[in-house]
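The following blocks contain the structures, represented as structure tokens.
Two complexes are shown next, each including chain A; its partner changes from chain B in the first to chain C in the second.
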Partner chain A sequence: MLSTNNKYVGLLYLSPALLFVAVFVFYPLVQLIMISMTSESLLGGGEFVWFDNYLLAFSDRSFWMSFWFTVRYTLIITPILMILGFLLALLTMQNRPLAQLTRGVVFLPVVIGLASSSLLWVWLFNQQVGLFNKALVDLGVIEEPLVWFNRANLGMTAVIVSVVWKVVGFGMIIMLSGMQSISHEVVEASMIDGASYWQRVRKIILPLSARAILLATLISAIGSMLAFDQFYLMTRGAPRGQTFTSVYWIYQNSFVYFKLGYGSALSIILMVVIMAGAALQITLQRRGETA
Partner chain B sequence: MTDLASPATNITTGTTDARVVGGSRAVGYLVGALCLAIIALMLVPLVLSFLASLKPPAEAAAVPPEYLPRSLSLENYRTVATYQAGLWTYVANSLVVAALTILFCLALSVPAGYALARYAIPFKEVFFLLILASMMIPYQAMLTPLYLMFSSLKLTNTHVGLAIVHTILQLPFSVYLMRNSFEAIPRELEEAAVMDGCTSMQILRRVFLPLVLPGMITVSLFAFISSWNEFIAALIFMSRETSFTVPVMLTGVSTGIFGVVDWGALQAGVIVSVIPCVGVYLLLQRYYVSGLLSGAVK
Partner chain C sequence: MRRSKMLAVALPLAVGLAGLMTTTVFAQNLSMWVRESAADPGKLMVDLWNQTHEAQIELTAIPDNQLVTKLATSVRAGDAPDLISFDLIYMPDFMRAGFLADLTEQLQADPNYETHIQAYKDIATYEDRIYGVGFTPDVSILVWNKELFRQAGLDPEVPPKTIYEIHDMATQIGALGDDTYGFYFAGSCPGCNIFVTSPLMVAGGAHILPRNGEDAALEGDAIREVLDQYRQMWEEGLIPEAAEVDAGENFVSAFTAGNVGIAGTGGFLLSLMERQFPDFDYGVTLLPGLEEGQVSGFVGGDVVAIPTGGANEEVAREFVTWVLSDEAQLEGLAKNSILTTRTDLADNEYFAGNEKVQATAQALEAGYVPWVFRFADMVNSDSSPWINMLQRAIFDGDVDGAIEEARARMLEIASQ
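Let's look at the complex of A and B:
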């Protein structure tokens, strides 16, 4: 039928998407590699410099500071997101109306923009007009409103609070779908055996939703390694560039200092690191499953 | 189509019965109280922002601040409405870019999904993987070559240019989803249509399109939300004051004039930027969650 005699028709239907990806993804990728080996600048110039940009990157303290800052941010926020997401999924996995409403509300901030939520929270954290500060003072947690964005650790804490609020529902939904695919028989059998709730969580729910948890971890970790909006809008890199993330530092170099060649080299380094990290996690996951 | 509909039931009618979580009545109350507390905690920031946007500007700038407005005013909305080129210019920019993104995503992913699901194409799976692989390349890293390319094509500061970048983001997911949608349709349907002498284009239009409509809605929904919210590409590609999208305009508001930030106006802007997403989510929640799960969990 259709499929056998019309293979060129099929290719015709597929070709616009293929062409699009070729022109707007793979061609720019080749360009990126080429630009990274030039001294290209938005102001002109652009000589071929081989690997000078990469050598420069390895000795660029600011780049590594931004890189390790991003890694630290990722290592702190990812477990928070996963643990809270898992607990929220546990809490709302039954199908009572209240649990469903909770799911819907927790997921709501996922659909709003990271820029919008960052601008909401930068206001809540403001030392003069911020209501988060006021709430902390009223609750007796702090005595005076804090200036959140003039110390790197406080600034990161503020960003983490806002991003957790914004994306915790994402992990929750992924893990819920994992939990809900666990068969009833397994759970019921354990109940007959007299397993307590937390035993069931540890021995059944946790291992059987491991795939979903790892997937959510991977997506969250990659997203955090590419963080830009929240820091650009909340900390603006302050104090003294201590809260620049990798993407932020690349943006600064490419589009503020116009050093496109150097920025491209940094982009490639970051891309390779993220891909290697993702590959490592997937390999470990596969090995874990077969073992 | 069934495989699109079934994950959707997870969020609304899931399968785990109450006994699994079980426990006594006291535990039930505790769980209920916890749920209510979480709902409150999640909603408080949005509610506070909304209330602040309704404060008269002097109240919104008051130090120390008050949680609730003493009197209501639309002054903050008036301020953002007339900010620089005017809020509606920016909303229109965002909407046009989002509409073009939806258009591009559908125009590319519907035929591609159809071809991948129904035709024997040489190197089909290789092509499919190539399209999906573009998801592995972070677009944040690709902005420099795209910027140079778009500069020479005169596509910077244009709706089409930014929509192309947003399409790059959404295309892998869209193609994946459309392929699944087409594959879920029973083959007997198109065989009957072939018997009746329909051409492949006619089959696509008359037989398939109505059946993959839920998939197309999901593709459009994701394209809209991701385009409306996207920030870094909009910041770089839309540098002219009249071509800003809403999030880029808000950045301007948050920087303030001579360092003085109009917080009430900023929250009014935040609310304006949040409303379409929340509205679309509440209307089409089923499609959004099912799309997310079918894209992520495989």
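Let's look at the complex of A and C:
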């Protein structure tokens, strides 16, 4: 049982972190909620409108189009990132020189800025001078160079390729940390019992690194739901606004159309949806663990 | 003795320090923001001012897509720069928001303002008050590749005079073979197209953007005609396939690559061609309409204004007056192959004998600029009704549906 003095000392130690969270998280969040209930413009002015912005958002076809596009993007890219990340983690699990080198090479793009890598890929996908088209034509996969960003599905494919290259190493490292924390005794015991490699992967490595996989999935899914830079730089919403993501649409409203109040309301809606999704994912995982 | 030695050291030191302090207090250095894409001509003007004035201006280039946000937040925070140069189309929004200082009395008393290009006067006036002047001007023009004209059997000295002639000539140039195209436009660039495509419509008598919910939007046969001609050229393969996704990256380079016959562009191309492609044989003319004699252009470029709350407003006002002076217009703009913003100086020693610049100067006088609020919403954004109309009409082929949809959306925006 802590004495009152000890409680105050504990609070004192916590206070810098609490202050940081209060100033940089709670205060902006409260401000955001307040602005979302006004018709405030970036150019000034505006009045309190209660929940009008939220009601407007529910009938905003463009917002929901961008939202469902973002969901589709997330549902496609997350499994790719997780499966590839898991396989790469398996491949580089041993601390041998070649595995360590592979780990370093795969992780390298993670340290490049997303904007820089997106610009690099815009050039690689260029119809006339891009290396990607040249490689596909030379390999006989396509007959003529493709214009990658004039169709929504092609544009999204191009973005997915670029993002997978950029962030797959991050998931790999998280899963690798989970795998390397598995006790050697458990693995060795299974080998003595005659378990094959894939049996060990399925029955031991996968379940015992489940928490790391959940963490990587959460980070990846939330990151994908908040996608902006890659689409802003690569597709610019083309064609006909079909590749707008939710955050891109929020940016458009807030800073291009000057509708700060409405943009704030859309941000709150997106935040609630992401929080609900993350909570559901964690709950399902916990149920799976206790079952 | 010791005291006099100390004085001998201390006195010059004190005088020096006082001098330094005086310089610091009274030098009145000004801060100025300029949008990145207009930073080069802006720097030429500011350098000239700095050479001849005691008060120095420090120029900061701001990325184009951040300028509005930065200005809005800085004015609201009371931390605005002393001067700002920005895309003229934001003028109505900024004037209405009260972001800019009123320059009416000063400019009305300035004889140089009388010959200022009318389009700049119009865009910088709100409720009979004046808030800025044209700074680094630009205007859209039509350019044609004379070498390709020769190869196609066309007279290289005769440019197209109607949208139909553009189509006919583009067909002949396109027939030269693979990788040669008759025409080019950046199909995913709303700003580029309001600049070079809308004047074709306006020259033909169309009215594009509504000023309010009751105003006309996309009215006139020229809109349908121009879109239809573009659509046909696209279907006939006279426009490169990559044009559909060009968000402006190839707006200039598509023409300078040498395999495009005709394209709309801006006056800025002239100085670029002089510097980088001095041997490129091309011509400059005004953007035509549906019939011979119909011409127009979109007056663009930057205006200079004084944000409210700046610390050095008096000197900033001097700069605005100086921008319209003979010195700034001739030595800052004309000498660097940039158009002047005064009609009485369009015919000057630097432009003498240069047909291309003279044609561009004519376009500046004949050009238009739409005075509307929320231009970004209606035109410049990646999902604007303007760009959606162009893409749906030209690439999908639904010309009438595209116009109807865009008109309804523009009126909705204008009425908000």
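Basically, the second predicted complex is superposed on the first by the 268 of 291 C-alpha atoms of A that agree within 3 Å, B and C clash if a C-alpha of one lies under 4 Å from a C-alpha of the other, contacts with A are read in each partner's own complex, and residues count from 1 in each chain.
Criterion: a residue touches a chain if its C-beta (ideal position, glycine included) is under 8 Å from a C-beta of that chain, and two chains touch if they have at least 3 such contacts.
Remember, predicted model here, so these are calculated numbers, not experimental data.
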Fit or clash - chain C, chain B, common chain A:
clash
First (chain B), second (chain C), both or neither: which does A:P16 touch?
first
Kindly classify A:Q128 by the partners it touches after superposition: chain B alone (first), chain C alone (second), both, or neither?
both
Partner chain(s) touched by A:P109 [first = chain B, second = chain C, both, neither]
first
In this superposed model, does chain C or chain B come into contact with more residues of chain A?
B
By the touch definition at the top of the document, which applies to A:Y257: first (chain B), second (chain C), both, or neither?
second
Which superposed partner A:Y73 touches (first chain B, second chain C, both, neither):
neither
Once both complexes are aligned on A, which of 152-160, 170-178, 242-250 or 386-394 in chain C overlaps with chain B?
242-250
Across the two complexes, find the residues of chain A that touch chain B and also touch chain C.
128, 255
So in the complex, the part of chain A that touches chain C is made up of which residues?
41-45, 62, 127-128, 147-150, 236-241, 244, 252, 255-258
Could you list, by residue number, the parts of chain A that touch chain B in their complex?
1-4, 6-7, 9-14, 16-18, 20-21, 24-29, 31-32, 35, 88, 90-96, 98-109, 111-116, 119-124, 126, 128-131, 134, 145, 165, 170, 173-174, 176-180, 182, 184, 187, 191, 197, 200, 212, 215, 219, 222, 226, 228-229, 232-233, 247, 250-251, 254-255, 260, 263-264, 267-268, 270-271, 274-275, 278
In their complex, what parts of chain B are in touch with chain A?
7, 10-23, 31-32, 34-36, 38-39, 42-43, 45-46, 48-49, 52, 60-65, 67, 107-109, 111-112, 114-116, 118-122, 124, 127, 130-131, 134, 136-138, 140-149, 164, 167-168, 171, 175, 190-191, 194, 200, 203, 225, 228-232, 235-236, 247, 250-251, 254, 263, 266-267, 269-270, 273-274, 277-278, 280-281, 285, 288-289, 292-293, 296-297
For chain C, which residues are in contact with chain A within the complex?
65, 68-69, 72, 76, 93-94, 96-99, 188, 241-242, 244-245, 247, 374, 376-377, 380-383, 388, 391-392, 395
